[in-house]
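Structure below; questions to follow.
In order of appearance the chains are A, B, C, D, E and F, and numbering begins at 1 in each one.
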Amino acid sequence: MPLIRLEIFEGRPEEMKKEFIKRVSEAAADVLKIPIEHVQCILTEVPRRHWARGGVPYSEKKLEGEGYKFTR
Amino acid sequence: MPLIRLEIFEGRPEEMKKEFIKRVSEAAADVLKIPIEHVQCILTEVPRRHWARGGVPYSEKKLEGEGYKFTR
Amino acid sequence: MPLIRLEIFEGRPEEMKKEFIKRVSEAAADVLKIPIEHVQCILTEVPRRHWARGGVPYSEKKLEGEGYKFTR
Amino acid sequence: MPLIRLEIFEGRPEEMKKEFIKRVSEAAADVLKIPIEHVQCILTEVPRRHWARGGVPYSEKKLEGEGYKFTR
Amino acid sequence: MPLIRLEIFEGRPEEMKKEFIKRVSEAAADVLKIPIEHVQCILTEVPRRHWARGGVPYSEKKLEGEGYKFTR
Amino acid sequence: MPLIRLEIFEGRPEEMKKEFIKRVSEAAADVLKIPIEHVQCILTEVPRRHWARGGVPYSEKKLEGEGYKFTR
């Protein structure tokens, strides 16, 4: 009965979030050898100004190597 | 000093959420034999599109047997 | 599909923890008007030395008004 | 900078847990189009007696359709 | 690789939240003797009506001794 | 009524964990201008094999620049 919690920056397209949930749920079912119906998943969006590394919010950082452009 | 975290679909009426918090806090105090003032409770609302079972968000499911009609 | 997370000091008897889970799950089903089978509950035990108020772990505090005596 | 939190019943083999972490991290990197080095993952094991559905701990339930046999 | 999660009432000024994140991250680096770049921090704002003590939401309480006046 | 949750690798000395809790609680009281008695803090220890970056558990990584030597 795994519970998967995903925290990502807010602003991803709905389709991408939905695909993310689907893919990790499938991975859980596959690896743990359980029916996918047993897998629960909750996604939370975090504003970049509320997520920090090194004491500095990501809203004030440049993430290099990030292939996806945020829509907001 | 129990901490209770409640995660529910967003859209419940304020009165219902307040009653939910009150009831579980009372249950905690009663069962654990502690003053209710020691009980902390945080409620979080999760959009149905961010909560999934079996890889499929609840926004795309029909929950049978659910007696309460959401207001949004 | 509420998810309830309970955090308590470690050391409560198994029967008390089980009753706690049962009671809050029943409260959820009753207040939210959903089948109790939709209610998930996860309990976590926290050592008193890892839980603090005012910067001081509860392992170094006396909790007044606490009717229950810990077995360890 | 996604953060993935996995909660599963305790008792899975180390190799299975490691594979689980690897697979969901790969899914995150792939779907979100980010370097896998940006993906953080924390796994927590929950005893079956502390995880309940319908107010009843899984330690007292039989999970049908579960292909994997627990080693303890 | 500490992960720090901060939950506060919503409504604090952005500067205060930023300073809060900075200060606890610095404390982590200092005490744990690690580079501050290893410290992750996520802040979550909780509406006062969703945070309760003693079964009563803080939106219906008066917090004595609280020096800061909320802007909303 | 801030709630601070600290997750660190397991194996730090008790004194270091206690100091960590104390320091972040003081920072919270100072920055948020609230009595320190309002600050709650919960620390959780995560085994290195259950915490991963890039899909690889830290138990299989070398953390450069880490000044503190783990005792286990």
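Assume a contact is a pair of C-beta atoms (placed from the backbone, for glycine too) under 8 Å apart; a residue touches a chain by one contact, two chains touch by 3 or more.
Everything numeric in this text was worked out from a predicted model, so none of it was measured.
J.: Spell out the chains that contact chain C while also contacting chain F.
T.: Correct list: B, D.
J.: If chain A and chain D share one sequence, what is the angle of the rotation that overlays their CA atoms, in steps of 5 degrees?
T.: Resulting rotation angle: about 180 degrees.
J.: Between D-E and E-F, name the chain pair that shares the greater number of C-beta pairs in contact.
T.: E-F
J.: Where centres are the averaged C-alpha coordinates, which chain has the largest centre distance to chain F?
T.: B
J.: So, what's the distance in Å between the C-alpha centres of chain B and chain A?
T.: That pair's centroid distance is 22 Å.
J.: Distance between chain B and chain C based on Cα centroids, please, to the nearest Å.
T.: That gives a centre separation of 15 Å.
J.: Could you put a whole-Å number on the gap between the CA centroids of chain B and chain F?
T.: That pair's centroid distance is 29 Å.
J.: Enumerate the residues of chain F that touch no fewer than two other chains.
T.: In chain F, the residues touching two or more other chains are 1, 3, 7, 23, 26, 35, 38, 40, 42, 51, 53.
J.: Can you list every touching chain pair?
T.: A-B, A-C, A-D, A-E, B-C, B-E, B-F, C-D, C-F, D-E, D-F, E-F
J.: Using the touch definition up top, name the residues of chain A that touch chain D in the complex.
T.: Listed in rising order, the residues of chain A that touch chain D are 1-9, 12, 16, 19-20, 23-24, 26-28, 30-35, 38, 51, 53, 58, 63, 65-68.
J.: For the complex, which residues does chain B have touching chain F?
T.: Residue positions touching the partner: 3, 40, 42.
J.: Quick check on the complex: what are the chain A residues that touch chain B?
T.: 14, 17-18, 21-23, 25-26, 29, 35-45
J.: Per the contact definition, I'd like the list of chain E residues that touch chain B in the complex.
T.: 7, 46, 49-57
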